[in-house]
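When the chains are written out, they are named A, B, C and D in that same order, and each has its own residue count from 1.
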């Protein structure tokens, strides 16, 4: 694993836990964790349960002792590391967003194709049981043809203008702000549950243009008197999109999508609703064990949404955990992801989201940015 | 009152009830109800509590016995009737949308200005106690500067493709579909609570292009074998908008707005949320007695939204009704509207929403339609 | 109508409105309103829409011009007035609780039987559309056999110990506090939806034993320096109950019931849930247009509660009002009650809740009080 | 660890995970798991991450290699194993309910006192962050004096009468049904957040008196033709209780408590609300990351409950996990429990819930059962 920040912690937990809950078709060994700072990575190794720590990711990626490379670094380095790993014949798991632009993403696809390695981008929300269950409902035709996707991803962690800078607020490290961080998830969910997006038009805004420089190490205790720094990413991005029609997607189907980090009161409000000809489903991550479901063909005196606890043994992934109603959380989505990844490698099976999915998501995000500049609708690039 | 359909019923109830609950500064007499069909209007007169019934609106509008004209006809005739009433020196109350286009709306404004009559467009949701209370919160600066308005108006009454045609689905009578019917409300709420809208970009769709012809009288029992008719209005319209910055509106503030009549499970889901620098408020008409409120400056361990029952004696309008928690409904919004209208006339006081507000709403709707055709952002026309 | 307080206002509104929305089988005339204070009753007459005002209820009750007597006085006088009205051959509508004790209630039944007049006690919640719909669901067997009724009625209007005395806090006027005011509703709902109650055990508490004397007229502005007064009713009462088994009620079925006026944050939180062998329903008055419904036989992957907006034309009473999702409120329950009462008189039809229902409710309340004193289970008296 | 069923899985996970998230003051080694069936325990060892497997709990409990004994067996054997462990000088963690009766529980206390070992009963819900936070709110006086505790624990896993027998439905193994399984949690929560219970009166019911015999190994696939077996525990138990008054508990404070496994639609609906003189808090386990909070002293125009996501770094335990809004689940409550247990041992610090807490809970449960037989209020036994 390369990287040991927030995502490194989540991925490490997944690797540690997966074999205790899921029947894997291969044995997982947590070999090496890699980061630039020797002391920090050693501490992470001990804390997160890895055997070895390293500081040179190139060595790690090429080590013959390693089969899988898990890329958890900041967004800007995904491309270089993933390509190197693929070239070295490693199976590659990469955090989202896959890359900062379509061109980079396509290079990653090409590298993975060339050595024919399994490649996966961690859109962890695909494996929330409720979302995986929504996918089943849609695939089986229970919603009929989809007409609307309505997604908002609302947070408030930088609503305080005194909240200091960090890498997520710098374009050179993060690529973008709410758009790449949060809309990336909504776009992937829309693509996963509905289908490909053809064209978009959007807007972006940075409301808080400068912030206190970040204190030495990290965090919330902004050092007074240390000056300010310009914020170079978006606080909020909203767009409209048209889907490509298909079997389950009506001609004219569209999406409304919005992400903001400036919505007081919302912590991780990744909420969406889908309306089809035969019914609707809704979801909000803050209540991730629930799915709202409406069947338009219910008796006329009983219309409405049912709140389903997606915690039954028959629901995707949940059978591995606890009895109904004994809820799971955020970290479990990574465990489910890793389980599927390992089994796909062991059986040479299909997997999702792969690098093509990752690239398609980047293409949508990129088209939105272009539409903001152009002030008009922009077609989403095809991924080769 | 001209017209006796759904809105005629709601307005009549308001006129009947208002003096029993609100201290009016003038005595209200329900003089004449007017409609084209003699038998129907006579039945409506008896049912709705009017003294007289008439079939010629021009006579009514010019009658010296009448002070106020309440226009409840289908959208297409608002302009002609309201102008005639204003010319005759009557105080004019008009259902929304004020007109089918900005040009017509401006003629209405001009007519009302010329004779200096009070003029009001019935955006009844302004007087839901929770929304009037939201206005107070915003005006007093409790949300700080607003950055986001997020509105959706979702219904499903025509989700069944066998639901037959009616006037609301014909462009010549209704002007538009979900856009003029539902987005009109969201636009007015956005203008009322936030402020003027500068530019927009949107999309529209008619998913169900043809429907069974309407059965003789009304309704849901589509006559088999009577053929089909083309639907000439939109089923759904979504758009992005930029606000004009002001004291309570941040530079860059924007709105996302969507209306659809094809969202299974939603009946009258007029829901919006506003995020400001200092807090957030949310509302959904289906739970119209509640307001969700978040104060960003609450203690750090107690973030989140409070669900306020807006049913206290200190809340707008509610003191006239029942004890706290004894909820009111849809029809009350019209009673509040009529109370304010009568008192504004009696005291020559200010009122809202006036025809200028109505016209500004039409201008936004019209700009959206233009943007759909142009495929790009369009500026909203100034109202003279 | 005798009385013009809170209930007088609600009943008057019902009488005024009913014929505009419901097809009545008799013409309603609002003849006389009666109260002890001449000036007050005259003001009420004008405000509430009655033709005449009177101060001597005995005269009114015996007037040959009057067919129906509606008793809205404070609890202590229900018995005397209703009996006089029945003796005079009037149809009698009486606010709840029917009487302060079973003995009085039985006298009222006897009087009504003797002159064979229609008699009804206003348990208005029976005619919330959602509750009437719940009744249909249960009657049709959709819940199977009921095992649990779980009711709480929570308010907070006297949670402030500085809130002054009023008649509702004096035993001689009100009979009891939360028990007769709020538990009366829960008991009636339990009886209406489930069935008769066989035995009970409970507790009662007056947490705030004395309060400021009430200011001259009424209200919340306690006059300083006027001293304090002892509260002689309960603030809170809770009890367990066993139902009489029947076709739709399982052997062993029980209820938990609690009312309090000291639950901060709750305004009119009349909430209950019923669990049967085949499903569950839940309701809360603060969201009175909604019913929560669970069908145990739904597909295994879709368990849970559906939130039904009980606002369809096919739902009880709602067809008279507005389109789906255009919600109604507290006052409508009285309009529905009056409509059914008038039509039952005009057609000599059955009605509920009649004085026997009222007496059975009183019997349950009385048994609870006895059980509190006895510290053990007490059987509910049979009503003759 | 003795036992490897549902609780064994949850506890093992806690032991595996705790050191990766919490700074422990001692190193944890997962030494031996013990069960009666050699093959099963060996499979559990491998799956759950233990070093050794054993079949004789007495040997394990006395092994000098072991410092802590974690008792996860079925309820009936808690007493014997815990006493043996205490006698051997081991620190003892025991699943709830501590014992089947007060007499047994007191023996356990005595054994632990004699060797002065740390002893803890796993009331895991105490360490849901939202509940630990509720404790802070109450302790700091923010609710004032508590008057009401209103708890229901609703499940539906045996609502189907065809659901077969298992050990939880046999008195000799489980001691009781919904009462010891679910009410035990509510009683402990009431004691933890409010205080000791003085007396109770209750009812119990077994609605489904016999069930299909359980299939060989497990589960839901009841073997046809294998006959039926009598259910010997309660399906539902409800009771009223009076608290012992104290600094934060008003004189007259009471609880209503109900558990049932026959409430269709509810999976793990462990819900309670507390009302104090100055505010209220509410919680439901199915939404365990949320706490509802009402401050009675909020501005008069903003009454109501706030929904707090208890996922901030400043909230109890949550700082060890993920960013705000990235929710945790059921299993985390055990990790928190184990962390506190280990640190209390390492530092010889205080801990809760200890065996005295466990015994007091058993005493309340036992008093309820006595009250059911007696048909009257029963005092809760003092724990020596």
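One rule holds in what follows: a contact is a pair of C-beta atoms (placed from the backbone, for glycine too) under 8 Å apart; a residue touches a chain by one contact, two chains touch by 3 or more.
Owing to the predicted nature of the structure, the values given are computational and were not obtained by experimental measurement.
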| item | value |
| --- | --- |
| Pair exhibiting more inter-chain C-beta contacts, A-D or B-D | A-D |
| Equivalent interface to A-B, taken from A-C, B-C or C-D so that over half of the residue contact pairs match | C-D |
| Length of the line joining the C-alpha centres of chain B and chain D, rounded to whole Å | 53 |
| Intercentroid distance (Cα basis), chain D paired with chain C, Å | 40 |
| Geometric centre distance via CA averages, chain D-chain A, whole Å | 36 |
| Set of chain B residues in contact with two or more other chains | 266-267, 303-305, 309, 324 |
| Of chain C, residues touching chain A in the complex | 133, 293, 298, 300-309, 312, 314-315, 324 |
| Chain D-touching residues of chain C, taken from the complex the two chains share | 147-148, 150, 152, 154, 156, 159-161, 201-203, 205-207, 236, 238-240, 242, 250-252, 254, 256, 258, 260, 262-267, 273, 275-280, 294-296, 303-305, 374-377 |
| Interfacial residue positions of chain C with respect to chain B in the complex | 6, 10, 12-13, 16-17, 20, 47-49, 155, 157, 266-269, 285-289, 309, 311, 321-332 |
